[in-house]
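Shared between the two complexes below is subunit A, which has subunit B as its partner in the first and subunit C in the second.
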Partner chain A sequence: MSNSIKVRTSVRNNTVTVRMLVRHAMEVGGVRANGERVAAHFIKEITCTHNGKTVMVGHWGAGIAKNPYLSFTIRDAAVGDELRIRWVDNQGGIDEFATRI
Partner chain B sequence: MLAGRPVEAFQTETVDQTLHALFGDVTIPISDKIRIAAADLAENGAVVPIKIEIKLDDVEAISIIATKNPIPLVAKFVLGPTTAGFVATRIKLAASCEVIAVVESADGVFQARKPIEVTIGGCGV
Partner chain C sequence: MWRSVRSIRSFAITLVLGGAALIAHADSTADREAFRRLYLQRFPTVEIDQFVLGVYAIDAKLREQYESINEFPPYEFALDEGEDLVLKRFANGVGLRECLAKNDNRGVNQYPYFDAATGEIVSLSVAINRCRERNGEAPLNYRRQALAKTLAALNFSARGTRRSVTVGHDAKAQAAYASGKAHFYMKRGQLNLSCADCHVTAAGKHLREQTLAPLLGAVNHYPVYGLRWGALGTLHMRFVGCFEQVRAMPAAPQSRIYRELEYFLAVMSNGLPMSGPGIQR
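Right, the complex of A and B next:
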(Lines of atoms letter the chains of each structure in order from A and count residues from 1; the text may use other names and numbers.)
(Lines give C-alpha, C1' and ligand atoms only; values in the text may rest on other atoms or scores of the structure.)
Protein backbone atom coordinates (compact mmCIF):
# COMPACT_ATOMS: atom_id res chain seq x y z
CA MET A 1 0.00 0.00 0.00
CA SER A 2 2.61 2.42 1.04
CA ASN A 3 5.72 3.17 -0.91
CA SER A 4 6.95 6.29 0.90
CA ILE A 5 7.46 4.73 4.35
CA LYS A 6 10.19 2.29 5.29
CA VAL A 7 10.22 0.91 8.83
CA ARG A 8 12.74 -1.19 10.73
CA THR A 9 12.16 -2.53 14.21
CA SER A 10 14.31 -4.29 16.74
CA VAL A 11 13.04 -5.77 20.02
CA ARG A 12 15.05 -6.09 23.22
CA ASN A 13 13.68 -6.72 26.71
CA ASN A 14 10.07 -6.05 25.61
CA THR A 15 11.09 -2.69 24.21
CA VAL A 16 10.93 -2.07 20.50
CA THR A 17 13.06 0.51 18.76
CA VAL A 18 11.30 1.84 15.68
CA ARG A 19 13.37 3.47 12.95
CA MET A 20 11.73 4.86 9.87
CA LEU A 21 12.51 6.73 6.71
CA VAL A 22 9.82 8.61 4.81
CA ARG A 23 10.26 9.84 1.28
CA HIS A 24 8.98 13.42 1.21
CA ALA A 25 10.26 16.76 -0.15
CA MET A 26 9.65 18.66 3.13
CA GLU A 27 9.66 21.84 1.02
CA VAL A 28 9.51 25.03 3.06
CA GLY A 29 8.24 27.04 0.09
CA GLY A 30 9.11 30.56 -1.07
CA VAL A 31 11.04 32.09 -3.94
CA ARG A 32 14.18 30.38 -5.21
CA ALA A 33 17.33 32.29 -6.23
CA ASN A 34 16.25 31.98 -9.91
CA GLY A 35 12.89 33.61 -9.14
CA GLU A 36 10.91 30.39 -9.30
CA ARG A 37 8.05 30.20 -6.83
CA VAL A 38 7.76 27.01 -4.84
CA ALA A 39 4.76 26.04 -2.74
CA ALA A 40 5.31 24.77 0.78
CA HIS A 41 4.93 21.00 0.89
CA PHE A 42 5.71 19.17 4.10
CA ILE A 43 4.39 16.43 6.35
CA LYS A 44 2.50 18.11 9.17
CA GLU A 45 1.49 15.07 11.16
CA ILE A 46 2.87 11.57 11.51
CA THR A 47 1.15 9.06 13.75
CA CYS A 48 2.25 5.67 15.00
CA THR A 49 -0.12 3.15 16.51
CA HIS A 50 0.92 -0.03 18.30
CA ASN A 51 -1.76 -2.74 18.40
CA GLY A 52 -4.33 -0.03 17.64
CA LYS A 53 -3.20 2.37 20.39
CA THR A 54 -1.66 5.70 19.42
CA VAL A 55 1.85 5.76 20.86
CA MET A 56 3.41 8.72 19.06
CA VAL A 57 2.17 11.77 17.18
CA GLY A 58 4.73 14.01 15.52
CA HIS A 59 3.54 17.53 14.72
CA TRP A 60 6.02 18.70 12.13
CA GLY A 61 6.88 21.91 10.35
CA ALA A 62 9.12 22.31 7.31
CA GLY A 63 12.09 22.38 9.71
CA ILE A 64 12.28 18.59 9.57
CA ALA A 65 14.87 17.62 6.97
CA LYS A 66 13.95 16.30 3.51
CA ASN A 67 13.16 12.56 3.44
CA PRO A 68 12.54 12.48 7.19
CA TYR A 69 14.19 10.02 9.52
CA LEU A 70 12.54 9.25 12.85
CA SER A 71 13.36 6.86 15.64
CA PHE A 72 11.64 6.23 18.96
CA THR A 73 11.07 3.35 21.38
CA ILE A 74 7.95 1.67 22.74
CA ARG A 75 7.82 -0.39 25.92
CA ASP A 76 5.55 -3.43 26.47
CA ALA A 77 6.04 -4.58 22.91
CA ALA A 78 6.59 -8.07 21.53
CA VAL A 79 7.41 -9.73 18.25
CA GLY A 80 4.23 -10.05 16.18
CA ASP A 81 2.62 -6.83 17.45
CA GLU A 82 1.06 -4.58 14.84
CA LEU A 83 2.65 -1.25 14.06
CA ARG A 84 0.94 1.30 11.85
CA ILE A 85 2.47 4.54 10.57
CA ARG A 86 0.44 7.24 8.87
CA TRP A 87 1.39 10.70 7.65
CA VAL A 88 -0.60 13.65 6.38
CA ASP A 89 0.99 16.59 4.57
CA ASN A 90 -0.09 20.23 4.25
CA GLN A 91 -1.43 19.63 0.72
CA GLY A 92 -3.70 16.80 1.81
CA GLY A 93 -1.33 14.00 0.80
CA ILE A 94 -1.58 10.86 2.91
CA ASP A 95 0.32 7.63 3.18
CA GLU A 96 0.06 4.70 5.53
CA PHE A 97 2.14 1.64 6.28
CA ALA A 98 1.35 -1.32 8.50
CA THR A 99 3.80 -3.95 9.62
CA ARG A 100 4.46 -6.55 12.31
CA ILE A 101 7.27 -6.11 14.78
CA MET B 1 -6.11 11.04 23.52
CA LEU B 2 -2.90 12.68 22.41
CA ALA B 3 -3.07 16.46 22.03
CA GLY B 4 -3.60 18.21 18.69
CA ARG B 5 -1.32 20.32 16.55
CA PRO B 6 0.07 23.47 18.19
CA VAL B 7 -1.11 25.60 15.25
CA GLU B 8 -0.35 28.97 16.85
CA ALA B 9 3.18 27.98 17.88
CA PHE B 10 3.98 26.99 14.28
CA GLN B 11 3.12 30.56 13.22
CA THR B 12 5.49 32.31 15.63
CA GLU B 13 8.74 33.82 14.40
CA THR B 14 10.80 34.29 17.56
CA VAL B 15 11.76 31.78 20.22
CA ASP B 16 10.10 33.83 22.97
CA GLN B 17 6.83 33.83 21.02
CA THR B 18 7.13 30.11 20.33
CA LEU B 19 7.73 29.23 23.98
CA HIS B 20 4.89 31.52 25.02
CA ALA B 21 2.49 29.95 22.51
CA LEU B 22 3.39 26.46 23.69
CA PHE B 23 3.74 26.88 27.43
CA GLY B 24 2.38 30.31 28.42
CA ASP B 25 4.12 32.75 30.71
CA VAL B 26 6.36 30.39 32.63
CA THR B 27 10.07 30.12 33.14
CA ILE B 28 11.13 26.64 32.07
CA PRO B 29 13.95 25.28 34.22
CA ILE B 30 17.00 23.64 32.67
CA SER B 31 17.29 19.94 33.46
CA ASP B 32 20.38 17.76 33.24
CA LYS B 33 18.03 14.81 32.74
CA ILE B 34 17.52 15.93 29.14
CA ARG B 35 20.39 15.32 26.77
CA ILE B 36 20.55 16.71 23.25
CA ALA B 37 22.96 14.55 21.28
CA ALA B 38 24.16 16.25 18.10
CA ALA B 39 27.46 17.22 16.55
CA ASP B 40 28.82 20.60 17.73
CA LEU B 41 29.49 21.46 14.11
CA ALA B 42 26.99 20.81 11.32
CA GLU B 43 28.50 21.24 7.88
CA ASN B 44 25.16 21.06 6.11
CA GLY B 45 22.30 22.87 7.83
CA ALA B 46 19.77 21.11 5.59
CA VAL B 47 20.32 17.79 7.37
CA VAL B 48 21.33 17.86 11.02
CA PRO B 49 20.96 14.57 12.92
CA ILE B 50 19.72 15.11 16.46
CA LYS B 51 18.79 12.81 19.30
CA ILE B 52 16.93 13.73 22.50
CA GLU B 53 17.42 11.37 25.43
CA ILE B 54 15.40 11.98 28.58
CA LYS B 55 15.65 10.49 32.05
CA LEU B 56 12.51 12.16 33.45
CA ASP B 57 9.49 10.01 34.37
CA ASP B 58 6.51 9.65 32.03
CA VAL B 59 7.53 11.91 29.18
CA GLU B 60 4.39 13.28 27.52
CA ALA B 61 5.82 15.55 24.85
CA ILE B 62 9.11 16.70 23.33
CA SER B 63 9.30 20.00 21.44
CA ILE B 64 12.33 20.82 19.32
CA ILE B 65 13.08 24.49 18.69
CA ALA B 66 15.89 26.04 16.62
CA THR B 67 16.52 29.62 17.73
CA LYS B 68 17.59 31.05 14.35
CA ASN B 69 15.08 29.32 12.09
CA PRO B 70 12.46 31.61 10.48
CA ILE B 71 9.91 29.33 12.13
CA PRO B 72 11.70 28.26 15.31
CA LEU B 73 9.38 25.36 16.13
CA VAL B 74 10.70 22.35 14.24
CA ALA B 75 8.50 19.65 15.71
CA LYS B 76 6.45 18.64 18.69
CA PHE B 77 6.31 14.93 19.46
CA VAL B 78 3.46 13.78 21.69
CA LEU B 79 4.15 10.43 23.32
CA GLY B 80 1.82 7.80 24.72
CA PRO B 81 2.30 6.20 28.16
CA THR B 82 4.27 3.24 26.78
CA THR B 83 6.57 5.37 24.62
CA ALA B 84 9.99 6.01 26.14
CA GLY B 85 11.54 9.47 26.57
CA PHE B 86 13.58 9.33 23.41
CA VAL B 87 13.39 10.64 19.88
CA ALA B 88 15.91 10.85 17.06
CA THR B 89 15.41 12.71 13.80
CA ARG B 90 17.11 15.03 11.31
CA ILE B 91 16.34 18.73 11.28
CA LYS B 92 17.16 21.83 9.22
CA LEU B 93 19.09 24.71 10.75
CA ALA B 94 19.12 28.07 8.94
CA ALA B 95 22.23 29.27 10.78
CA SER B 96 24.41 28.63 13.81
CA CYS B 97 22.03 28.66 16.74
CA GLU B 98 20.90 26.98 19.91
CA VAL B 99 18.68 23.95 19.67
CA ILE B 100 16.20 23.79 22.54
CA ALA B 101 14.40 20.65 23.65
CA VAL B 102 11.42 21.28 25.90
CA VAL B 103 10.07 18.19 27.64
CA GLU B 104 6.66 17.85 29.26
CA SER B 105 6.67 15.06 31.84
CA ALA B 106 5.03 13.84 35.02
CA ASP B 107 7.78 15.75 36.86
CA GLY B 108 6.92 19.03 35.09
CA VAL B 109 8.20 20.99 32.11
CA PHE B 110 11.96 21.23 31.62
CA GLN B 111 14.38 22.26 28.90
CA ALA B 112 17.88 21.65 27.62
CA ARG B 113 19.87 23.74 25.15
CA LYS B 114 22.73 22.95 22.86
CA PRO B 115 24.61 25.37 20.59
CA ILE B 116 25.27 24.04 17.09
CA GLU B 117 27.63 25.70 14.64
CA VAL B 118 26.37 25.56 11.05
CA THR B 119 28.74 25.94 8.10
CA ILE B 120 26.13 26.15 5.31
CA GLY B 121 22.57 27.03 6.35
CA GLY B 122 19.69 24.75 5.41
CA CYS B 123 18.41 26.52 2.29
CA GLY B 124 15.37 28.66 3.04
CA VAL B 125 14.22 26.88 6.19
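Right, the complex of A and C next:
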Protein backbone atom coordinates (compact mmCIF):
# COMPACT_ATOMS: atom_id res chain seq x y z
CA MET A 1 0.00 0.00 0.00
CA SER A 2 1.62 3.21 -1.09
CA ASN A 3 0.06 5.32 1.59
CA SER A 4 -2.23 4.29 4.37
CA ILE A 5 -1.50 7.11 6.78
CA LYS A 6 -3.00 10.59 6.79
CA VAL A 7 -1.64 13.01 9.34
CA ARG A 8 -2.80 16.41 10.51
CA THR A 9 -1.07 18.53 13.10
CA SER A 10 -2.05 21.61 15.03
CA VAL A 11 0.31 23.66 17.13
CA ARG A 12 -0.58 25.54 20.29
CA ASN A 13 2.16 27.28 22.30
CA ASN A 14 4.86 24.61 22.11
CA THR A 15 2.55 21.59 22.14
CA VAL A 16 1.61 19.85 18.94
CA THR A 17 -1.52 17.72 18.60
CA VAL A 18 -0.95 15.00 16.03
CA ARG A 19 -4.01 13.34 14.55
CA MET A 20 -3.89 10.50 12.12
CA LEU A 21 -6.13 8.18 10.21
CA VAL A 22 -4.61 4.85 9.29
CA ARG A 23 -6.15 2.67 6.62
CA HIS A 24 -5.89 -0.95 7.62
CA ALA A 25 -8.34 -3.82 7.63
CA MET A 26 -7.60 -4.60 11.31
CA GLU A 27 -9.10 -8.01 10.74
CA VAL A 28 -9.76 -10.09 13.83
CA GLY A 29 -9.74 -13.31 11.82
CA GLY A 30 -11.66 -16.49 12.49
CA VAL A 31 -14.39 -18.27 10.59
CA ARG A 32 -17.18 -16.44 8.79
CA ALA A 33 -20.82 -17.54 8.85
CA ASN A 34 -20.41 -19.19 5.46
CA GLY A 35 -17.48 -21.27 6.72
CA GLU A 36 -14.80 -19.16 5.05
CA ARG A 37 -11.63 -18.91 7.14
CA VAL A 38 -10.14 -15.46 7.40
CA ALA A 39 -6.62 -14.82 8.66
CA ALA A 40 -6.04 -12.26 11.38
CA HIS A 41 -4.48 -9.14 9.91
CA PHE A 42 -3.90 -6.21 12.24
CA ILE A 43 -1.30 -3.61 13.12
CA LYS A 44 0.92 -4.91 15.90
CA GLU A 45 3.01 -1.85 16.52
CA ILE A 46 2.83 1.78 15.51
CA THR A 47 5.56 4.27 16.31
CA CYS A 48 6.03 7.96 15.86
CA THR A 49 9.40 9.68 15.91
CA HIS A 50 9.88 13.39 16.29
CA ASN A 51 13.14 14.73 14.87
CA GLY A 52 14.48 11.19 15.05
CA LYS A 53 13.49 10.56 18.66
CA THR A 54 10.72 8.03 19.37
CA VAL A 55 7.86 9.82 21.11
CA MET A 56 5.02 7.33 20.81
CA VAL A 57 4.81 3.58 20.59
CA GLY A 58 1.48 1.78 20.36
CA HIS A 59 1.22 -1.96 20.85
CA TRP A 60 -2.06 -2.82 19.23
CA GLY A 61 -4.08 -5.98 18.98
CA ALA A 62 -7.04 -7.27 17.07
CA GLY A 63 -9.42 -5.29 19.24
CA ILE A 64 -8.63 -2.03 17.51
CA ALA A 65 -11.27 -1.13 14.94
CA LYS A 66 -10.84 -0.97 11.20
CA ASN A 67 -9.23 2.20 9.78
CA PRO A 68 -8.16 3.42 13.19
CA TYR A 69 -7.96 7.04 14.21
CA LEU A 70 -5.24 8.01 16.66
CA SER A 71 -4.33 11.31 18.23
CA PHE A 72 -1.66 12.31 20.74
CA THR A 73 0.26 15.40 21.78
CA ILE A 74 3.97 16.14 21.73
CA ARG A 75 5.51 18.72 24.07
CA ASP A 76 8.29 21.06 22.99
CA ALA A 77 7.63 20.70 19.30
CA ALA A 78 7.49 23.40 16.68
CA VAL A 79 6.49 24.02 13.10
CA GLY A 80 9.02 22.53 10.71
CA ASP A 81 9.97 19.59 12.92
CA GLU A 82 10.03 16.22 11.27
CA LEU A 83 7.51 13.50 12.15
CA ARG A 84 7.75 9.91 11.00
CA ILE A 85 4.96 7.40 11.55
CA ARG A 86 5.58 3.73 10.97
CA TRP A 87 3.45 0.68 11.51
CA VAL A 88 4.12 -3.05 11.33
CA ASP A 89 1.38 -5.62 11.13
CA ASN A 90 1.17 -9.26 12.12
CA GLN A 91 1.61 -10.44 8.52
CA GLY A 92 4.84 -8.48 8.12
CA GLY A 93 3.27 -5.55 6.28
CA ILE A 94 4.85 -2.18 6.91
CA ASP A 95 4.07 1.38 6.00
CA GLU A 96 5.78 4.62 6.81
CA PHE A 97 4.89 8.23 6.44
CA ALA A 98 7.12 11.24 6.98
CA THR A 99 5.95 14.79 7.23
CA ARG A 100 6.88 18.15 8.71
CA ILE A 101 4.72 19.81 11.32
CA MET B 1 -50.70 5.41 19.76
CA TRP B 2 -49.21 7.40 16.94
CA ARG B 3 -50.45 10.94 16.61
CA SER B 4 -51.69 11.66 13.15
CA VAL B 5 -49.56 14.17 11.37
CA ARG B 6 -52.12 16.93 11.73
CA SER B 7 -49.84 19.86 11.20
CA ILE B 8 -49.15 18.91 7.57
CA ARG B 9 -52.16 20.27 5.72
CA SER B 10 -52.59 21.93 2.36
CA PHE B 11 -52.49 18.82 0.21
CA ALA B 12 -55.16 16.34 -0.66
CA ILE B 13 -54.03 13.03 -2.04
CA THR B 14 -56.08 9.97 -2.82
CA LEU B 15 -54.49 6.56 -2.99
CA VAL B 16 -55.84 3.82 -5.17
CA LEU B 17 -54.79 0.46 -3.76
CA GLY B 18 -52.42 -1.52 -5.89
CA GLY B 19 -51.60 1.11 -8.40
CA ALA B 20 -51.28 4.69 -9.41
CA ALA B 21 -51.68 7.58 -7.03
CA LEU B 22 -54.35 10.08 -8.08
CA ILE B 23 -53.37 13.61 -7.29
CA ALA B 24 -56.16 15.97 -6.45
CA HIS B 25 -53.64 18.77 -5.98
CA ALA B 26 -49.92 18.23 -5.48
CA ASP B 27 -48.22 21.42 -4.35
CA SER B 28 -44.63 20.55 -3.62
CA THR B 29 -43.70 24.03 -2.42
CA ALA B 30 -46.50 24.09 0.11
CA ASP B 31 -45.58 20.56 1.21
CA ARG B 32 -42.02 21.65 1.76
CA GLU B 33 -43.07 24.67 3.80
CA ALA B 34 -45.28 22.46 5.97
CA PHE B 35 -42.48 19.89 6.37
CA ARG B 36 -40.08 22.62 7.49
CA ARG B 37 -42.59 24.17 9.85
CA LEU B 38 -43.21 20.86 11.54
CA TYR B 39 -39.55 20.24 12.32
CA LEU B 40 -38.78 23.84 13.23
CA GLN B 41 -41.63 23.79 15.71
CA ARG B 42 -40.62 20.41 17.09
CA PHE B 43 -36.97 21.46 17.48
CA PRO B 44 -37.09 25.22 18.03
CA THR B 45 -33.44 25.57 19.13
CA VAL B 46 -32.07 24.08 15.90
CA GLU B 47 -31.09 26.46 13.13
CA ILE B 48 -32.52 25.29 9.82
CA ASP B 49 -29.25 24.63 7.97
CA GLN B 50 -28.15 22.31 10.77
CA PHE B 51 -30.88 19.83 9.95
CA VAL B 52 -28.72 18.37 7.19
CA LEU B 53 -26.79 16.62 9.95
CA GLY B 54 -29.82 14.51 10.79
CA VAL B 55 -29.81 13.22 14.34
CA TYR B 56 -26.62 15.17 15.13
CA ALA B 57 -28.57 18.41 14.77
CA ILE B 58 -30.99 17.60 17.56
CA ASP B 59 -28.96 15.80 20.24
CA ALA B 60 -26.17 17.70 22.03
CA LYS B 61 -24.23 14.67 23.26
CA LEU B 62 -24.31 12.94 19.88
CA ARG B 63 -23.29 16.21 18.29
CA GLU B 64 -20.22 16.39 20.50
CA GLN B 65 -19.20 12.91 19.35
CA TYR B 66 -19.90 13.81 15.75
CA GLU B 67 -17.74 16.95 15.98
CA SER B 68 -14.81 15.07 17.45
CA ILE B 69 -14.96 12.44 14.71
CA ASN B 70 -15.42 15.13 12.08
CA GLU B 71 -12.07 16.64 13.10
CA PHE B 72 -10.60 13.84 11.03
CA PRO B 73 -13.43 12.47 8.92
CA PRO B 74 -13.26 8.70 8.43
CA TYR B 75 -14.43 9.00 4.82
CA GLU B 76 -11.21 10.69 3.70
CA PHE B 77 -9.60 7.64 2.14
CA ALA B 78 -12.81 6.72 0.35
CA LEU B 79 -13.21 10.31 -0.81
CA ASP B 80 -9.69 10.34 -2.33
CA GLU B 81 -10.47 7.13 -4.19
CA GLY B 82 -13.76 8.63 -5.35
CA GLU B 83 -11.97 11.65 -6.74
CA ASP B 84 -9.65 9.35 -8.69
CA LEU B 85 -12.67 7.46 -10.01
CA VAL B 86 -14.35 10.68 -11.15
CA LEU B 87 -11.22 11.85 -12.95
CA LYS B 88 -10.50 8.51 -14.60
CA ARG B 89 -11.54 8.68 -18.21
CA PHE B 90 -13.55 5.93 -19.89
CA ALA B 91 -11.79 3.72 -22.43
CA ASN B 92 -13.01 5.97 -25.24
CA GLY B 93 -11.44 9.04 -23.63
CA VAL B 94 -14.61 10.70 -22.34
CA GLY B 95 -14.64 11.88 -18.71
CA LEU B 96 -17.51 11.43 -16.26
CA ARG B 97 -18.11 15.13 -15.58
CA GLU B 98 -18.05 15.86 -19.30
CA CYS B 99 -20.75 13.25 -19.84
CA LEU B 100 -22.88 14.35 -16.87
CA ALA B 101 -22.78 17.91 -18.19
CA LYS B 102 -24.91 16.68 -21.08
CA ASN B 103 -27.85 16.44 -18.66
CA ASP B 104 -28.57 20.15 -19.14
CA ASN B 105 -25.43 20.96 -17.16
CA ARG B 106 -27.17 20.03 -13.96
CA GLY B 107 -25.27 20.45 -10.74
CA VAL B 108 -25.22 17.63 -8.22
CA ASN B 109 -27.64 19.72 -6.14
CA GLN B 110 -30.23 19.49 -8.92
CA TYR B 111 -30.50 15.72 -8.77
CA PRO B 112 -32.73 13.75 -8.85
CA TYR B 113 -34.70 15.14 -11.75
CA PHE B 114 -37.67 14.03 -13.79
CA ASP B 115 -36.63 13.05 -17.29
CA ALA B 116 -39.53 13.89 -19.61
CA ALA B 117 -38.05 11.80 -22.43
CA THR B 118 -38.18 8.53 -20.51
CA GLY B 119 -40.82 9.46 -17.93
CA GLU B 120 -38.46 8.34 -15.16
CA ILE B 121 -36.83 9.96 -12.17
CA VAL B 122 -33.09 10.12 -12.82
CA SER B 123 -30.94 10.03 -9.70
CA LEU B 124 -27.24 10.82 -9.78
CA SER B 125 -26.43 7.10 -9.54
CA VAL B 126 -28.60 6.33 -12.55
CA ALA B 127 -27.05 9.25 -14.45
CA ILE B 128 -23.55 7.94 -13.71
CA ASN B 129 -24.44 4.50 -15.02
CA ARG B 130 -26.15 5.93 -18.09
CA CYS B 131 -22.93 7.82 -18.84
CA ARG B 132 -20.91 4.67 -18.39
CA GLU B 133 -23.17 2.61 -20.65
CA ARG B 134 -23.31 5.29 -23.33
CA ASN B 135 -19.53 5.30 -23.39
CA GLY B 136 -19.05 1.56 -23.54
CA GLU B 137 -18.31 0.91 -19.86
CA ALA B 138 -19.99 -1.61 -17.60
CA PRO B 139 -22.44 -0.05 -15.14
CA LEU B 140 -21.46 0.12 -11.47
CA ASN B 141 -23.21 -2.10 -8.93
CA TYR B 142 -25.53 0.04 -6.80
CA ARG B 143 -24.57 -1.81 -3.64
CA ARG B 144 -20.81 -1.59 -3.96
CA GLN B 145 -18.17 0.87 -2.90
CA ALA B 146 -17.04 2.09 -6.34
CA LEU B 147 -20.35 3.86 -6.92
CA ALA B 148 -20.55 5.12 -3.33
CA LYS B 149 -17.05 6.58 -3.61
CA THR B 150 -17.92 8.28 -6.90
CA LEU B 151 -21.04 9.76 -5.29
CA ALA B 152 -18.96 10.89 -2.31
CA ALA B 153 -16.54 12.78 -4.55
CA LEU B 154 -19.31 14.38 -6.63
CA ASN B 155 -21.28 15.40 -3.53
CA PHE B 156 -18.15 16.73 -1.84
CA SER B 157 -17.52 19.01 -4.78
CA ALA B 158 -21.13 20.22 -4.49
CA ARG B 159 -20.63 21.50 -0.94
CA GLY B 160 -21.40 25.20 -0.91
CA THR B 161 -24.47 24.73 -3.09
CA ARG B 162 -28.01 24.16 -1.89
CA ARG B 163 -30.44 21.47 -2.98
CA SER B 164 -32.53 22.76 -5.85
CA VAL B 165 -34.95 20.24 -7.34
CA THR B 166 -38.00 21.51 -9.17
CA VAL B 167 -41.06 19.39 -9.84
CA GLY B 168 -42.36 21.51 -12.71
CA HIS B 169 -45.73 21.45 -14.43
CA ASP B 170 -45.32 18.18 -16.32
CA ALA B 171 -48.17 15.97 -15.13
CA LYS B 172 -45.93 12.91 -15.02
CA ALA B 173 -43.38 14.74 -12.86
CA GLN B 174 -46.17 15.74 -10.51
CA ALA B 175 -47.35 12.14 -10.45
CA ALA B 176 -43.85 10.88 -9.62
CA TYR B 177 -43.57 13.43 -6.82
CA ALA B 178 -46.98 12.45 -5.48
CA SER B 179 -46.07 8.79 -5.63
CA GLY B 180 -42.86 9.43 -3.66
CA LYS B 181 -44.84 11.34 -1.08
CA ALA B 182 -47.44 8.59 -0.87
CA HIS B 183 -44.75 5.99 -0.24
CA PHE B 184 -43.27 8.16 2.48
CA TYR B 185 -46.55 8.22 4.40
CA MET B 186 -47.62 4.67 3.56
CA LYS B 187 -47.46 2.01 6.27
CA ARG B 188 -45.61 -1.12 5.28
CA GLY B 189 -44.11 -4.31 6.52
CA GLN B 190 -44.97 -6.71 9.29
CA LEU B 191 -44.38 -3.89 11.76
CA ASN B 192 -46.79 -1.71 9.80
CA LEU B 193 -44.74 1.46 10.00
CA SER B 194 -44.30 4.27 7.51
CA CYS B 195 -41.22 6.47 7.09
CA ALA B 196 -43.26 9.25 8.68
CA ASP B 197 -44.15 7.18 11.74
CA CYS B 198 -40.52 7.04 12.86
CA HIS B 199 -38.98 10.08 11.25
CA VAL B 200 -41.80 12.61 11.50
CA THR B 201 -44.15 11.60 14.31
CA ALA B 202 -41.42 10.11 16.49
CA ALA B 203 -38.42 12.16 15.34
CA GLY B 204 -36.18 12.85 18.31
CA LYS B 205 -37.66 10.00 20.30
CA HIS B 206 -35.89 6.69 20.89
CA LEU B 207 -36.18 3.35 19.22
CA ARG B 208 -34.33 1.07 21.61
CA GLU B 209 -31.03 2.93 22.07
CA GLN B 210 -31.14 4.90 18.82
CA THR B 211 -32.46 8.42 18.53
CA LEU B 212 -34.75 8.74 15.51
CA ALA B 213 -33.48 11.29 13.03
CA PRO B 214 -35.55 14.16 11.61
CA LEU B 215 -35.62 13.94 7.81
CA LEU B 216 -35.53 17.61 6.87
CA GLY B 217 -32.39 17.87 4.76
CA ALA B 218 -31.30 14.33 5.62
CA VAL B 219 -30.76 13.34 1.99
CA ASN B 220 -28.28 16.18 1.58
CA HIS B 221 -25.56 14.43 3.59
CA TYR B 222 -25.56 11.21 1.61
CA PRO B 223 -23.59 9.10 0.86
CA VAL B 224 -22.67 8.47 4.49
CA TYR B 225 -19.68 6.80 6.02
CA GLY B 226 -21.26 4.42 8.52
CA LEU B 227 -19.00 3.79 11.48
CA ARG B 228 -20.92 0.56 12.00
CA TRP B 229 -19.99 -0.53 8.47
CA GLY B 230 -16.49 0.94 8.22
CA ALA B 231 -17.55 1.96 4.72
CA LEU B 232 -19.72 4.30 2.70
CA GLY B 233 -23.43 3.67 2.27
CA THR B 234 -25.75 5.22 -0.28
CA LEU B 235 -29.25 6.56 0.23
CA HIS B 236 -30.86 3.65 -1.58
CA MET B 237 -28.94 1.15 0.51
CA ARG B 238 -30.39 2.93 3.54
CA PHE B 239 -33.88 2.61 2.06
CA VAL B 240 -33.28 -1.13 1.69
CA GLY B 241 -32.18 -1.28 5.32
CA CYS B 242 -35.24 0.66 6.49
CA PHE B 243 -37.60 -1.67 4.64
CA GLU B 244 -35.87 -4.65 6.21
CA GLN B 245 -36.18 -3.05 9.64
CA VAL B 246 -39.97 -2.81 9.37
CA ARG B 247 -39.96 -6.34 7.90
CA ALA B 248 -41.14 -5.28 4.51
CA MET B 249 -39.84 -6.82 1.30
CA PRO B 250 -37.12 -4.42 0.17
CA ALA B 251 -36.92 -3.23 -3.42
CA ALA B 252 -33.60 -3.13 -5.26
CA PRO B 253 -31.47 0.03 -5.01
CA GLN B 254 -32.47 2.49 -7.76
CA SER B 255 -35.79 0.80 -8.33
CA ARG B 256 -38.70 3.13 -9.10
CA ILE B 257 -40.12 3.33 -5.60
CA TYR B 258 -36.79 4.39 -4.12
CA ARG B 259 -36.11 6.92 -6.83
CA GLU B 260 -39.53 8.45 -6.21
CA LEU B 261 -38.89 8.52 -2.46
CA GLU B 262 -35.56 10.19 -3.12
CA TYR B 263 -37.32 12.74 -5.34
CA PHE B 264 -39.83 13.56 -2.63
CA LEU B 265 -37.17 13.83 0.08
CA ALA B 266 -34.94 15.96 -2.14
CA VAL B 267 -37.80 18.41 -2.76
CA MET B 268 -38.39 18.52 1.01
CA SER B 269 -34.69 19.35 1.42
CA ASN B 270 -34.68 22.16 -1.15
CA GLY B 271 -32.78 25.23 -0.04
CA LEU B 272 -30.67 23.34 2.47
CA PRO B 273 -26.92 22.96 2.01
CA MET B 274 -25.38 19.99 0.21
CA SER B 275 -23.19 18.42 2.88
CA GLY B 276 -22.10 15.01 1.60
CA PRO B 277 -20.37 12.75 2.28
CA GLY B 278 -21.66 12.47 5.82
CA ILE B 279 -20.78 10.49 8.91
CA GLN B 280 -23.14 8.25 10.82
CA ARG B 281 -22.81 5.77 13.67
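Simple rule for what comes next: the second predicted complex is superposed on the first by the 99 of 101 C-alpha atoms of A that agree within 3 Å, B and C clash if a C-alpha of one lies under 4 Å from a C-alpha of the other, contacts with A are read in each partner's own complex, and residues count from 1 in each chain.
One rule holds for everything that comes next: a contact is a pair of C-beta atoms (placed from the backbone, for glycine too) under 8 Å apart; a residue touches a chain by one contact, two chains touch by 3 or more.
Keep in mind that what you see is a predicted model, and the values were worked out from it rather than measured.
By the touch criterion defined above, A:6 lies against subunit C but remains apart from subunit B after alignment on the C-alpha atoms of chain A.
Within the superposed three-chain model, A:61 lies in touch with subunit B and out of touch with subunit C [touch as defined at top]. Contact with neither subunit B nor subunit C is seen for A:85 once the two complexes are overlaid on the shared chain. Of the two partner chains placed around the shared chain by superposition, subunit C is the only one that A:23 touches, whereas subunit B remains out of contact. In the superposition on chain A, the chain among subunit B and subunit C reaching more residues of subunit A is B. Once chain A of one complex is fitted onto chain A of the other, the partner contacts of A:53 are limited to subunit B, with no touch recorded for subunit C. In the superposition on chain A, contact of A:43 is made with neither subunit B nor subunit C. Of the two partner chains placed around the shared chain by superposition, subunit B and subunit C are both touched by A:69.
With the contact threshold set out at the top, residues 65-66, 69, 71 of subunit A are in contact with subunit B in one structure and with subunit C in the other. Against subunit B, the residues of subunit A that register as touching in their complex are 15, 26, 28, 30, 32, 44-45, 50, 53-66, 68-77. In the complex of the two chains, the subunit B residues touching subunit A come out as 1-3, 5-6, 10, 46-49, 66, 69, 71, 73-80, 82-84, 86-92, 122, 124-125.
Those residues of subunit A lying in contact with subunit C across their complex are 6, 8, 19-21, 23, 65-67, 69, 71.
Note for the complex: subunit C touches subunit A at residues 69, 71-72, 74, 76-77, 230.
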